[in-house]
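Paired with chain B in one complex and with chain C in the other, chain A is shared by the two complexes that follow.
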Partner chain A sequence: MRKANTTGIHLGIDVGSVSTNLVALGEDEEVLASVYLRTQGQPIAAVQRGLIELEAQLEDVPLEVGSVGTTGSARYLSGVIVGADIVKNEITAHAVAASFVVPEVRTVLEIGGQDSKVILLKQGVVVDFAMNTVCAAGTGSFLDHQAARLGIPIEDFGSHALKSSSACQIAGRCSVFAESDMIHKQQMGYRVEDIIYGLCQALVRNYLNNLAKGKEIVAPVVFQGGVAANAGMKRSFEDALKTEVIVPKHYHVMGAIGAALLAKDSIGNGETKFKGFGASSIDYRTSSFNCKGCANNCEIVKIEVEGTVLARWGGRCGKWEVQEVEEEAAV
Partner chain B sequence: MPVTWPHLGNLEIVLKDLITAAGQPYILPPKNTARTLQLGLRHSPEFACLPLKITIGNFIEALEAGADTLIMAGGIGPCRFGYYAQVQRAILNDLGYDFEMIVLEPPAMGWKLFVDTLKRIAPGKSLWEIAKAIKLAFRKGRAIDAVEREVLKYRAYERKKGATTKAYRAALNVLDEALFEKDAIDEAKEEALGLVYGVEKDVDRPVLKMGIVGEFYLLLEPFVNFDVEEYLGHSGVSIERSVYVSDWISPGNNNIIGGISEEEIKRAAAPYLNHFVGGEGQATVGHTVIYAGHGFDGVMQLFPFTCMPDTIAKSILPRVGRDFDIPILSLVIDEQTGKAGLITRLEAFLDLLWSRRMQREKRLLSV
Partner chain C sequence: MSITVGIPQALLYYKYYPLWEGFLGGLGLEVVTSPATNRRILTAGVEAADNEICLPVKVFYGHVLSLKEKVDLLFIPRVVSVEEDAYTCPKFLGLPDMIRAVGDMPEVLDPIFNFRLGSRRVSRDVYSFAKRFTKHPAKVWRAWRHGVDEQRRYVAKLESGWTPVEVLSGKAPPEAKGDMTIGVVGHPYNIHDEYVSMNLVKRLRKMGARVVTSDMLPHRVVEAEANRLPKKLFWTYEKEIVGSAFYWMRSGTVDGMIYMLSFACGPDSLIQVLLEQEAKREGAPALMPLVIDEHSGEAGLVTRVEAFVDMLAWRLN
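For the complex of A and B:
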C-alpha cells in the first residue's frame, strides 16, 4: 500500500562527524544529484554549503522538492535547519539504502569517519546490528591520519594496498598501537604497500572480531561508507569473509539515500516542511548557556533565527527542550 | 560522626531511616553531577569500571561536606566490586582525608564479621533492635521498588508525557516521609502506588515490551545510564528490569520485586552458563532467556566498560538471541557524557523491534 509522492524530488541529508552528504532522488528513486563535503566541525555551515551545491546540480531539473529527511549524528540539528519531514538514525538509514540497492542484502558493513556499524537483514528487515561504542580504531579518521603520515593521498591509499604481494602483520586492536607497529615496520624497511595492506587486514580483523563478534555474516554483503572507497579494505574483507563484497555505486552517500527514501515513504501525499534552498542564506545563530537549575549545570544549546528560538537541547532533564517551536520562523 | 554512603538509585531513602534508627547522624553526598564524575576519574585507576569512579566521587564530595564515616558494600566472588571498598580506603587515605570506613560484607563471609559490622554502625543497639530496623528497611525498600516497577511498566501508556515521572517523584516523596514503622510504610506504599496508578493512560496504544539486563550499578543509578528508562518509556517501551535495589541487597526467593527467583535464573542460564562468573554475568544470561520465553520484543544489556562478568554474558547473548529469535542490544557505558551515541543505537533498536512486530502481524493476518 505504498503511496509514493510521484511529483517532486526527495532530499536526503546525512551530517556525520567527518562528512556531510546530500542527495536528491528523482521520481523513480534514481540519484539526480549528490554532494559530499567535509563537515569540519561546523554542521550548519556544511548543510548550507551542501544545499547551494545541490541546487546548482539540480538547475536543469524542473521538479519541486517533495520531501526531505535527515540522518547522521547531527540529524536533529540539520532537521531544524532544513525543515525535515523525517529525522532518522543512521543505522536505519544505511539499512534502508542498502536493501534498496541490493534488495536481497543480508549484511551491511559500514565504516564512516568516526564510527563503524554492522547491520544484518532478513527480507529487507533489520534483524540485528552493532555499532562501535568505546573504540574508534579502524574508522575513516584513522586511515586518513595514516595516509597523511605516509604522504599518500587518501584516495590512492587503497590502490597502494592492492599492489602488495605479501601483507605485513600489523597489530590492529588499538589504533595507537597500530600506528607504532606500522612505524616499527617502516623502520625495518618493509615496503609501504605491504604495510598498508597489512593495516587494512588488521582493521578488518578488528572489525570482525570486535564489532561483528558473534554475528553471523551471510552473503550478499554490501560494504558502504567513506571507507568503502578503499580497495584494500574491500579486498581484506573479501579475503576474511571468503565471499564477494559489493560496494554500491553511491557507497559514500548511502546514509543520505536512506534518509531520502525514508522521507519519500513518510510524506505520502502530505506537504513537505522543507524550508527551501533559501535556508542556505539564513543566519542561524547557535549559542549555549549553563542551566543553573540544579547541580548538573547542563550546557544548553540554542539555535535561533532573528531572535526566534528554533530549537534548544542538551539538558539532562528535558526542561529546555524545544523543537520546531514555530514552523514559520525561518520563512 | 556523620555517616555517608554512595548513591545508588533510591537506596538513600531507606538508608536514611536505617542510619537514623541506628542512632547516627548522616550526610548524603551531593547529587551525582559532572563534578562527581570528574573527581572520580581523577582519583581512580584508569582500568577500573565506572561504578568505582562515581562512588569515589561520591565519597570525596561527602567528605568535603563533613561526613567522616563511610559505608561501602563489600562482596565476594570474581567481580572486582567486592574489593572496591579497600581500594577506595587506600585512595582516600592517600588524598589525606580523615575517616573511618565500614565495609558491609555479605553474611557469606562469616556471620560474626557481619554482626560485628552491624554493631559498629549501630553502637549500643541490641541485635534484636538492629534486626527489627533492617526488617523495616527491607519493607520500605521493597515498597519503593514495587512502585518503581509499575512506573517502568506503565510509563509507555501515559497520555500526557511526563505525567508518570511526576507521579513517581510524588510517590517517592510519600515513601520518604513515611515514619519508620510497619503500618506507616504499608499505608505510604498504598498511597504511592495509587499516585502512579492514577496517571491517565491510553491502554490501546501499541507499545513494545523490553527487558533490561546487565550490571546492577548501571541499571540502578540513573545518572550513569542517562535515565535510559525514562527515555524508553517516552518512546513507547514498557520495561521489565532484572534487578531492583532490594533484590540486589537481599538475593533469594522472598518477596522478590523482579519476580524471578535465583533458582529460576540459574536454571534458565544453565544451558549457556552453568556456574557463577561474578557480578550479574549469570543473571544477565538467565534473565534474557526468561524474557525471551515470555515473548518480549527485545532485550537490552547495559554494563560498564571493562566489566568482566557482563562481558562474559555479552559473548554468550548472541547465541541466546539466535536460539530464541529475540533481538538483543548490548551497550557498554564508560565515562562519556554525551547521550547522543546511546540515543542513536536505541532509536535504531526500536526501529528494528517495530519492524519485526509489524512483520509478525502481517504474517498472522495473511495466514
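For the complex of A and C:
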C-alpha cells in the first residue's frame, strides 16, 4: 500500500439517526463522490453499504485514501469500523463544512433526521451554537412521517409547499399537536399544499423561537442537512428571517464533508488508520450486557470481529473501554 | 451502641456536610451517609417523588430511601436562610415534610436554620434541637464549634481548587494542565453529583481543560459581583451562581463557561436569562447552558461538551 499523505483522497463519514452519508474529497478538497443512505437503525450495515457504493463511484480515481474522519451520533462506532483518523462531533463538522463552502458564513441552520442545530460564526470561528434537547419536533423524522401520512413522497414535499398561495396556521410547538392540527385542517377542507406550507412555517417558527431563541441571526445564512432539500422550509426561513438563505450544493452531506476536511487537517504527513474498503465485507458483531459491578448496571456494548473485541463502551466508569486501554498501552 | 443518623448525599450535603457531621458527631451521634448517586438511587427517587419536582430533589428522595433501613434517625434540616435578606430555595424549606409524607420513614430530625433572623436566633434553635441528646449546654456549644471549624476548613479547601467530592473523599485533584480554562457554574448538587452531571468535571479535564467551579470562588467576590445587578437577588444559592458567572465574565480568567441547570428548576430558568444577557457583552467568554433531567442521555451531553471544547480551542488558535 502506498504511503498515505495529504495528496490522497479524504473520506468523511457521517452516521446519523436517519441517514448515513459518505463523501470523498480530492486533493483540492473538491467532492469526488458522495453517498446518501438511510441508516435504518443499522449503522454498521449502512457504513458497509456506503463504502461499497463510494468505492464504485471512485473506480476511475487513481488515488489512495489519505485520511478518514467520522461524525454523527454513531461516530465512535463507525470510527472503529473504518479505522478513523479523527472522530468529531457533528456540530464542529457542520461548522467546518459550512465555512469551507461559504467562507464568510455567519449562521448555519442545520436540520437533520432527529436533531437540529444553529451555529453562529464570526470570521470562520464558531462563537455560539445550540442543539435541540429531548424534543424532536420540527426535525426530518417528523416531516417524513407527515409526508407518508399525506401520501406524498418526501422528495416532493417542498415543491408542494411552494404551490401554496395562503398558508394554513399550524401549531408547531409539538409534533403531536401539529399532527392533530393538520388532520383538523384536512377535515375542514383546506388544500394540501396550504397545509404543507403552513407546517413548514410552523416548524421554522418553532426552530427560531426555541432553538435559536435569543441568538442573533446574521447573514450570510447557510441552511444544510437533509431537511434543506425541502424548498418549502427554505422559503419559510427566508420569509421569517427576511434574508436570502443559501442551500449549498452538497447540503445533505455537509457533516461528512466536515469530517473529511477535519481528517485531512489532522493527518498531516502521518499515515491513515483506514482499514480499506474491505471493511465492508468484515463480519462485525455487536452485543451488549449489563455490568454487575455496581448499582448502576450499565449496559455495555461490545463490537467484535471473529472473537476479537474491537471496542467496548457504555459504562459510567472506564473499566470496559478496551479501546482506550489498548491505545494507552501502545503509547 | 450509639444512635445512627443518616445524611443523604444530595442537595445541601455538598455545601454543609462538614458542619453537620462535625456537629452531630460532637453530640455523640454516629453519622451515616448514603452512597454516591447511582442508577438505583435515581430510579427509586424518580418513582417516589412528585413528578413535577426538579431532578435534584428526586435524587434526594432516592438517597433517603437508600438510608431508610440503615439508620435510627434522618437528618434533614429546614434550611430557611443562611444569611441576612436572602432565602434558600423554597423546596428546601419543605424538605423534611416532603420526606415524612413518603411514609414509613425513620424519625426525621429537622432543626431550623434561619440566619435571616440573626445568629442569636440560630443559636437558640441549635440548642433547642440538641437538648434531646445532651443536657450540657457547653457540650452543644463545643459540638457546634467543632462543626463550624470543620466547615471553615472545607471552604478553605474548596477555595484552593478542590471540588467538594475531592475534599470529602480526601483525594487530591489531578494536576491542572491544559491550555484552556472552563468555568462550570450551577448548583453544587448538580455539578458535583457525578451521576447526575455525567462526570462533567472529569470529562472536561480529560479533554484537556482546567476546570473551576462556582464553589471555588471566595464568598466576598461572588457577593460583590452579584450586587452589580440592579435589584438584589433574594435567593442565596442563585446569587452564588450569578456572582461566579459575572466574575468570570469580567476577570478574563476563563475561556468559556458551562452553566449546568436542571430542567424543572424555577430559579435556574430565571438565572439563565440573566447570564445569557450578560454573556452577550463584547469580550465576554462563551457561555453554554447544559440542561439535565432524568431523561438526559449521555450522547447529547457529550456532543455538546465536545463541540464547546472544540469551539474554545478554535478561538484560542
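Quick notes
Assume the second predicted complex is superposed on the first by the 317 of 331 C-alpha atoms of A that agree within 3 Å, B and C clash if a C-alpha of one lies under 4 Å from a C-alpha of the other, contacts with A are read in each partner's own complex, and residues count from 1 in each chain.
One rule holds in what follows: a residue touches a chain if its C-beta (ideal position, glycine included) is under 8 Å from a C-beta of that chain, and two chains touch if they have at least 3 such contacts.
Computed from a predicted model, the values in this text were never measured in an experiment.
Look at chain A after the overlay: chain B and chain C clash there. In the superposed model, A:Gly214 makes contact with both chain B and chain C. When the two complexes are overlaid on their common chain A, residue A:Asn89 makes contact with chain B and with chain C alike.
Look at A:Glu29: by the touch rule set out above, it reaches neither chain B nor chain C.
Shared contact residues of chain A, touching chain B in one structure and chain C in the other: 73, 88-92, 125-129, 131, 133-134, 214, 294-297, 316. Residues 35, 38-41, 195, 199, 276, 286, 291, 293, 295-296, 299-300, 302-304, 306-307, 310-311, 314-315 of chain C are the ones that touch chain A when the two sit in their complex. By the touch rule above, chain B contacts chain A in their complex via residues 30-31, 33-35, 162, 226-227, 305, 315, 317-319, 321-322, 327, 330-332, 334, 336, 340-341, 343-345, 347-349, 351-352, 355-356, 359. Residues 73, 88-92, 123, 125-131, 133-134, 213-216, 294-297, 316, 318 of chain A are the ones that touch chain B when the two sit in their complex.
Those residues of chain A lying in contact with chain C across their complex are 73, 88-92, 125-129, 131, 133-134, 214, 294-298, 316.
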